[in-house]
Amino acid sequence: MASIELIIVFTALAGVLSYFVGRLNKVAGSVVTILASMFVFVSVAYFGYNNELIHSTEFLPYVTFSVTYLGLFFAILVTFIFAMVSFFNPFFVEKYKYPALYSMLYLLSLAGVLGVFFTNNFMSLFFFFEFVVWTSLFLIPMGRSKRAASSYYAFSTVGSFALLFAIFIMREASGTFNIVSSMASVNGTEAAIVSALLAVAAFAKLGAFPLNVWLPRVLGNSPDAISAVFSGGLEKLGAFVAVLALVKLAPFGYVVDATGLAASQYVIAALGALTIVFGTLMAIRQDDAKKLLAYSSMSNGGYILVALTIASSASVSGGLYHVVAHALASTAAFLAIGAVSRITGTTKMSELGGMIHKMPVTYLVYLIAIISMAGIPPMGGFISKWLIFQAVIDKGMILVAVAVFFGSIGSFLYVFRPLAALFLGQELPQHREVSKEAPFFMLVPMVILSGLIIYTGVLPNFFLGFINNVLTEVGVTPLVIGSYTVTGTNGVLQPALIASVFGVGVLIAFIIFIVLKKSRKVGLMDTYTAGNFIYTEELMHYSLDFYAPLERLYEKYINITKDFYKRLENKVVDLGRLMKYYFFTNKPEIMVLWIIIIMGIILWGDIL
Amino acid sequence: MLQYVAIVLIMLGLYGLLTQRNIIKIIVSLNILEIGVNLFIVSVGFVDGGLAPIFTSTYNSSVDFSFVDPLPQALVLTAIVIGVGTTALGLALAKNIYQKYGTFEIDEMGEE
Amino acid sequence: MKNFLALLLTLFLGYMIIASLSNNEAFPKYGEADVSSRVSQRYIDRNVTENPGEVLYGEATNLESGSANTIAAIVTDYRSFDTLGEVTVLTVSALGVALLLGGAKQSRIELNFKPNFMLRVGSRALFGIILMTGMYISIHGHLTPGGGFPGGSMIASSLLLLYLADDEFRANIKGVKVIQSVAGSAYVIAGLLGLFIGTYFLENLLDTAVLGDLFSAGMIPIIYVLIGFKVGSEISRIIDNFLTEESV
Amino acid sequence: MDLINIIEIIVSILLVVMAFLAINSKSLIKSVMYLSSLSMLAVVGFVIMKAPDVAGTEAVIGSGLVTSLFVFTLLAVRKVGKEQ
Amino acid sequence: MSAILLIVVPLLAAFISILFKKASPYILLIVSFASVIVLGYIELEVITIGGFASPYGINLVFDQYSLIGLYIVNTLFFLVVAINCVKFKEMSTILLIALAGLNGLLLTGDLFNLFVFIEISGIAAYLITATNKNPLATFNYLVAGTVGSSLYLVGLIILYAMFGTLNMADMANEIAVSGVDASLVAFPFLLMFIGLGVEAKLLPFNSWVKGILASSNKLTGPIIASVYAATIGFVVGRLLTSVFVFSDTLGLVITIILLASIIAGEAMAFSSNKVREILLFSSIAQAGLVVLVFLQGFIGWGVFLVVANAAGKFILFTVTNHASDELGTDEVNDLKGLFVNNKIVGLAFTVASLSAIGLPVFLGFVVKMNILGDLFAEGNLFIPAVILITSVVEGIYFVRLLIKLWYKEHDLPVVQYDFIIKYVVVILAILIMVFGVYTAPIETEANDLDLISFVEGGNL
C-alpha cells in the first residue's frame, strides 16, 4: 500500500534533499534524482497496477486525489520516462550553471507531474500544471538557448490559462472544482466553450499546430536529458488534457450524418493532420539531430490528436498506445543522441559521422527507436499507427488519412537521416580519438527502453489490456484483443507472427551480410576521387541534404507559424512603443487632452 | 455670471496647459486654473443678497438677512495657500530646469 | 490654427459643463445656494454640539465656537485639522524650495536697480507699519475678515519690502527657522493638549467668552496668530531662497 | 440693473480677457503681469461674492507674493542668461 | 492611544527636525519605526477631531480596512527609510511629512481633508522625486498632480453644492437618500476620479510616471511605486466601494480606461529594454487592475492585491534601483547575470516577480485566483479574459527578464548589496511565500473586509 500524497511529498522532499546534497557534491545530488525517481516509478507502477494506491490526503492542504486508470496509465508511463532519463543526470550535471538546482527542479517537476495525473480537483490540476511549467522552465535555460524558455513559458501559459478559464466556467455551472462532476455538469454552448478551451490547453502542451513554436525550440535547445524528459514525459501532459477535452467531453458543432462526426472533430483532426504534415516537413529540413527529433515529436503529437478526436475504440486505444510507443521511442532516440553529444559535444549532423564504429550499442538503440517511430513492424509504433490508420479510414477522413500516411512515410525519410549522418558513413577525424562507447550507466536505460519498444511491438496485448481499462473508464467501447491478436475494424493483427517473420528476415539478411561480406575498410587517405589524391581527411559522405529537391518545394512556407508569432510579438512591441511615445512625453498636453475628451464623453449625454 | 466665468477660467487654464510648451507659461496656466477653481468654489456658496458670514452689530438689528455659505470660503483659504506652495515649488523647479537646460521651452530640451 | 482648435475645444467643453450644471436640478443656480440644507448652517448657528438659541453679536456667550467671523471659526475650530494640513503643505514647499534652490546660500541675487538712501529709510519705516498691520490682522482674525493667512503673508511681504529696498539685506534665516519650527510645533502641541487634557485632538479648551470681544473665542486667536507666524516664516523663507544664490 | 451687477459683468469680461492674454502673450513678464491683474480682478470677484477673507488672502498671496516669485524667477534667469 | 497620533507625531517630529538637522535622520527612523509598533496598540474606533461629530467636524476612520493599509504602508515606509536614511539625510523632514500625509490619506473620513492630505503627500512626493536629478520629470509630475487635485476639488465642490456635506460616509448616505439620478453625479465623480487617477497612475493621466520612475533611485523607486501606490490603492478602494456611484456611461468609460491601462501597461512593459521601465509599466498595469477590482466591489481581495503589489514592487524596485545606481545604467543587457553573484537578492527578486505573475505558492497567485473566481461568479467573462491574456504578456517579459538576470557566463556586473537590503528583501520575499501557502488568515480577512460598510462609519 502506498499513499499518493506520500509519494508526491517524498518526491518533493527528495528534490530539496538533492539540492543540498548537490551543493556538496554535484554528482551526488544527481544520484539522488536517480534513486528517487526509480523509487517513485516502482512504487507507482507496482502499487498502481495492483490497485493498492491510497488517495486520501493528510498533509497537503486543498488537494485531493483519486486513482483513475487514465491517470495511472499516464503516471506509470511518465514516471518511467523520468526514471530512465535520470540515469543521464550524473553525466551531464557538470555542465550546468546551477547543478544542485537542476537536480531539485528535476524531482520537483516529477512531483508536479504526479499531482497532475492523480488529482481529482481542477484547481489542484491547474496548480500542478503551473508547478510543472515553472519547475521545468528553469531547467531549459541551462542548455543552449535562453529564448526557448520564454517561448515555452508563453505557450504553456496560454494553455494553462485556457485551462483555467474552462475550469472557472465549469465551476460556475457545477459549483465544484471536482473534475468528474464539473465536467459532467456542463452542456450546450458551455460545453462547447469548455471543450474548445481544453483543446487549446492540450494543443499548447502537445505543441500542436498552431501552438507549435515552442516545442522544437525547447526540445532542440534544452539540456539533452531534459529534451528527453520533455519529449517523452512532459509533452504527454497535453495528451492527458486532450483525453479530457476530446474524449470525455462530447464533440460539438454540425454533425455529418454519414460519418457521425461533428464539426469540432473535423477541425481538430484537420489541425492534427496539419501538425503531422508540418512536423514532418520541418523535421526533414533539420541539420541538428535534436531539432529533427523535436519536430518528429511534434508530428507524433498530431497523431495523438487525430486519434483522440475521432473517439472510436480503435482510434482512442491507438492514440493511447501511440502515447506509449512514442514516449519510449523518442526518449530512446533523444537519449541516444544525448549519448553522442556527451561524447562528441555536438548534435549537428554535418559535424558528425561514423559513430557506429565506436558506439555500436547506442547505434542499435537509435535504430530500434527510429524503426518504431516510422511505424515499421515489429516495433510499438507499428501497432499504434495500424490502429489509427484503421480508425481514420473507417471514418472516411480522406485528407486526414493522406496526412497520416504522409507523416508515416515522411518520418521514415527523416529519421533515417541522423542514422546515416551520425552513425554511418565515414568516421570523422576530429572525433576519432575521443570517441568511445557511452558509459555503462547511460547504456542501461537506453537498452531497457529498446527492449520495451520491441516488447510493445511484439506483445502489445499487455498494454492494450490496460488501455482497455482506460477506455471503459472514459466511456469508449474497449478494443477486442485476444491473447496474441488485436482485432481492428478491418481485420485482425498478429503482432507476434509479424515479428517472427521480420526476425527471420533480419536474421537471413544478417547472415548474408556476415557470410558474403565484400567490403573492405580503408582509411580516409587511402582513396582517390576522379584521379585526384586526397591530401586532407575531409568528410566524404553524402548523408546530408538527402531531400533537397523536396525541401525546395516548401521552403517558402516553413516559417508561417513562427512568423505569425513573431509578427504578433512585434505588434505588441509596436503598440507598447506607440503608447510610450504618445502618452509619456514631458508635456502635460496629452494628459490634458484626454481629460478633456473623457469629460466630453461623459457630458455629451447631458447636452443632448 | 461669475460662476460661468470661473468655469471658463478653468477651461482657459486647461487650454493653456494644452497649448503652451513654456515652463513659466505652464505655471501661469496652472495659476489661472487655480483661480478659476477658487472662484468656482466661492460662487457655489454665494447667496444673492447674502451677507459676508461675519457676525457684526448690524446683523443683530436686521435678522432678515441671510449669510452666504462660509464653508466654501474656508476651503478656498486652504486652496489658495496650497496653490502658492505648489507655485513656489514649480518656480523653484523651473529655475532648476533652466540651470540644467538653459531654456524654458520644453521643445528645446530634447527627449530624455 | 492648432491653438485655435484647442481653444474651441476647451470652450465647448466649458459650455458643456455649464449646460450640464444648469440641467442638474440638484445643483443650485448661481446665487441661490440653499445654505440651510448644508452642514454650514450649523456652523453659522453654532449648534453642532449644543443649542445656543439665537446667536447675537456682543451678547451670545460661551458658544461652542465663539468667533464672530464664521470663516475663522471653521478654519481654526470646526475644520482646524485641514488648516494644520495646509500649514504642513506650506512647510513642505518652503523646505522644498530651499532644497531645490541649493543649500549653501551665501549672497543676495543682484537686482538691476540700486536702491537709494531715501528708499532704504522709507521702506524701513514702511516695514514697521506693514508688520504691525500683519500682526493686527492675525490677531483680529476671529472678529474681522483676514486672519492668519493674509496676516502672515503681510509679515512676509514686509520682509520682501526690505529685500527689495536694500540689496544687501538678508533676514535672519536662523530666526525664521526657529519661528517656522516653533509655530508649527506649537500648533500641533495645542492640538495634543486638547487630546490629553480634554478628549479630542484640537479641542477648543479655553472659555469662548462673549461673541465679538477681542479676548474671546478661546483658542481661535491663539491658533490664528500661530498660523500667522507660521505662514509668515514659511513665505519669508521662500522669498529668501528666491532672492539668494550660491556665491560664486 | 444695480451697480454691482454692472461691476460684476465688467469684472467677468476682464477676467476672461486677462486670462486669455496671460496665456497667449509672447513675453513672459507680460504674461506674469496679466496673471497678477487677473488675480486682482478675482479679488474683486471674491468681494462681490461676499467673501472678504478670501479676497484679502488672495490679494496678499495670490496677487502679491506669487507675482513677486514669478518676477524673481525671471530676474534670476535673465541674469544667468546674460552670463552665458 | 488614539490613531491620530499616527499623523500628528510625524508632523510634530517634522516641525522639530527643521531645527535639528543633524538628528533628523534618527528622528525619522525612530518615528517611522514607532508608528509600525504603535499600530498594534491602538483600538479600532472613529476619531472625532475637535469634538465636532462626524458630518460637521473632520473624522478619522480607524477600522479594519485602514488598519491593514496602515500596517503595510508604515512597514514598507520604515523599510525604505531603514535602507535610505543614511544616504538621503536632507530628505528626513520631508519624509516625515510624507509619512504624516500617507497616514492621513489612509485614515481620513472627510473628502476635503483627503484633498489636503493628497496635497501634503503629493508635494512631499515631488520633493522626494527631486532626488532623481531630473527636474523636468518632477515638474511634469507637479503639473499633473496639481491639475488632478484641482479637478478633484472642483468635483468635490459640485458634490458639496448638491448634497451639502463633505464627509465621506455622510456623502454616501445623502446620495442614497436623496435618490438623485445617477447621471447627475457622474460628472463630479468623474472629476474626482481623474484627480485620484493621476496619483493612481491610470493610463491617460499618468504621463508623469515614466519620467519619475525611469530615473528613480533607491529611495524614490520603492517609495513611489510601492508605498505611495499602496496608499492610493487603499484610498481609491475606499472611495470606489463606499462613496462613488458609477452610473452606466461613467462605469463603462472608466472600465474602458482601466482595461486600456492594463493592456497598454503590459504592452509597454513588453516593449521596454530597461529594467526600471519594465517595472514601472508593469506597475501601471497593476494599478489599473487594482482599481478595476475595487470597481467591481471586491474589497477584500482588492486590498490583498494592493498588499501583494506593494510588497512585490518594493523588492523589485529596491533591487534594480540599487543595481542601476551602482552601475549607472538599467539596460537589461548591461545587468545580465546580475544575480549570479547575488543569489540571495536574486531569489527575493525572483519570488517577487513570480508573485506578480501569479505563480502558485506565492501571494500573488492566491489573490489573482480569488479575484478571477469572484469575477466569474458574477458572470463576467470578458474582464477575466483580458486579465488572463495580459498576464501571459506580463509573464513573458518577467520570465525573459529573470532568465537574463540569472544566466550569464562571464563579464558579470559587479554590484554589492548592503546587508540591510538583503535582510529587508529576503524577509519580504519570505512573507510573500508564507502567505502564498498559508492562505487561511488572508481568506478570512478578505471575507471580513467584504462585509465592510463605510456608510455606517466603518467596519470596526
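Letters A, B, C, D and E mark the chains in the order given here, with residues in each chain numbered from 1 onward.
What we mean here is this: a contact is a pair of C-beta atoms (placed from the backbone, for glycine too) under 8 Å apart; a residue touches a chain by one contact, two chains touch by 3 or more.
Nothing here was measured: the structure is a model prediction, and the numbers come from that model.
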Whose Cα centre is nearest the centre of all Cα atoms in view?
E
With contacts defined as at the top, give the pair, C-E or A-B, that has more of them.
C-E
Most remote chain, CA-based centroid, reference being chain B
A
Using C-alpha centres only, name the chain that sits farthest from chain E.
A
Measuring from the mean C-alpha position of chain C to the mean C-alpha position of chain D, what distance in angstrom results?
19
Between chain D and chain E, what is the separation of their C-alpha centroids in Å?
38
Distance from chain E to chain B - Cα centre to Cα centre, in angstrom:
29
Using mean C-alpha positions as chain centres, tell me how far chain A is from chain C in Å, no decimals.
75
Touching at least two other chains at once: which residues of chain C meet that condition?
3, 9-10, 13, 17, 20-21, 24, 28, 33, 38-40, 43, 69, 71, 79, 82, 85-86, 89, 92-93, 96, 100, 145, 147, 149, 235, 238, 242
Shared interface positions of chain E, touching two or more other chains:
112, 116, 119, 123, 126-127, 130, 135-137, 143, 147, 158, 160-161, 166, 187, 211
For chain B, which residues are shared contacts with two or more other chains?
1-2, 4, 8, 10, 12, 14-15, 17-19, 26, 43-46, 50, 52-54, 68, 71, 73, 75, 77-78, 80-82, 84-86, 88-89, 91, 93-96, 106, 109, 112
Touching pairs of chains, all of them, please.
A-B, A-C, A-E, B-C, B-D, B-E, C-D, C-E
Across the complex, what residues on chain A touch chain B?
585-589, 592-593, 595-596
Considering the complex alone, what residue numbers of chain B touch chain C?
1-4, 7-8, 10-12, 14-15, 18-19, 43-48, 50, 52-57, 59-60, 66-71, 73-75, 77-78, 80-82, 84-86, 88-89, 91-93, 95-96
Which residues of chain E touch chain B in the complex?
112, 116, 119, 123, 126-127, 130, 134-139, 142-143, 146-147, 150, 153-154, 157-158, 160-161, 166, 211, 214-215
Which of the residues in chain E end up touching chain A in this complex?
136-137, 140, 143-144, 147, 151, 183, 186-187, 190-191, 194, 198, 203-207, 209-211, 249-250, 253, 257, 264, 267-272, 281, 354, 359-360, 369, 372-373, 376-377, 379, 381, 384-385, 388-389, 391-393, 395-396, 399-400, 403-404, 406-407
What residues of chain E sit close enough to touch chain C in their complex?
2, 4, 8, 11-12, 14-16, 18-19, 47-53, 55-58, 90, 93-94, 97, 100-101, 104, 112-113, 116-117, 119-120, 123-124, 126-127, 130, 135, 158, 160-167, 178, 180, 184, 187
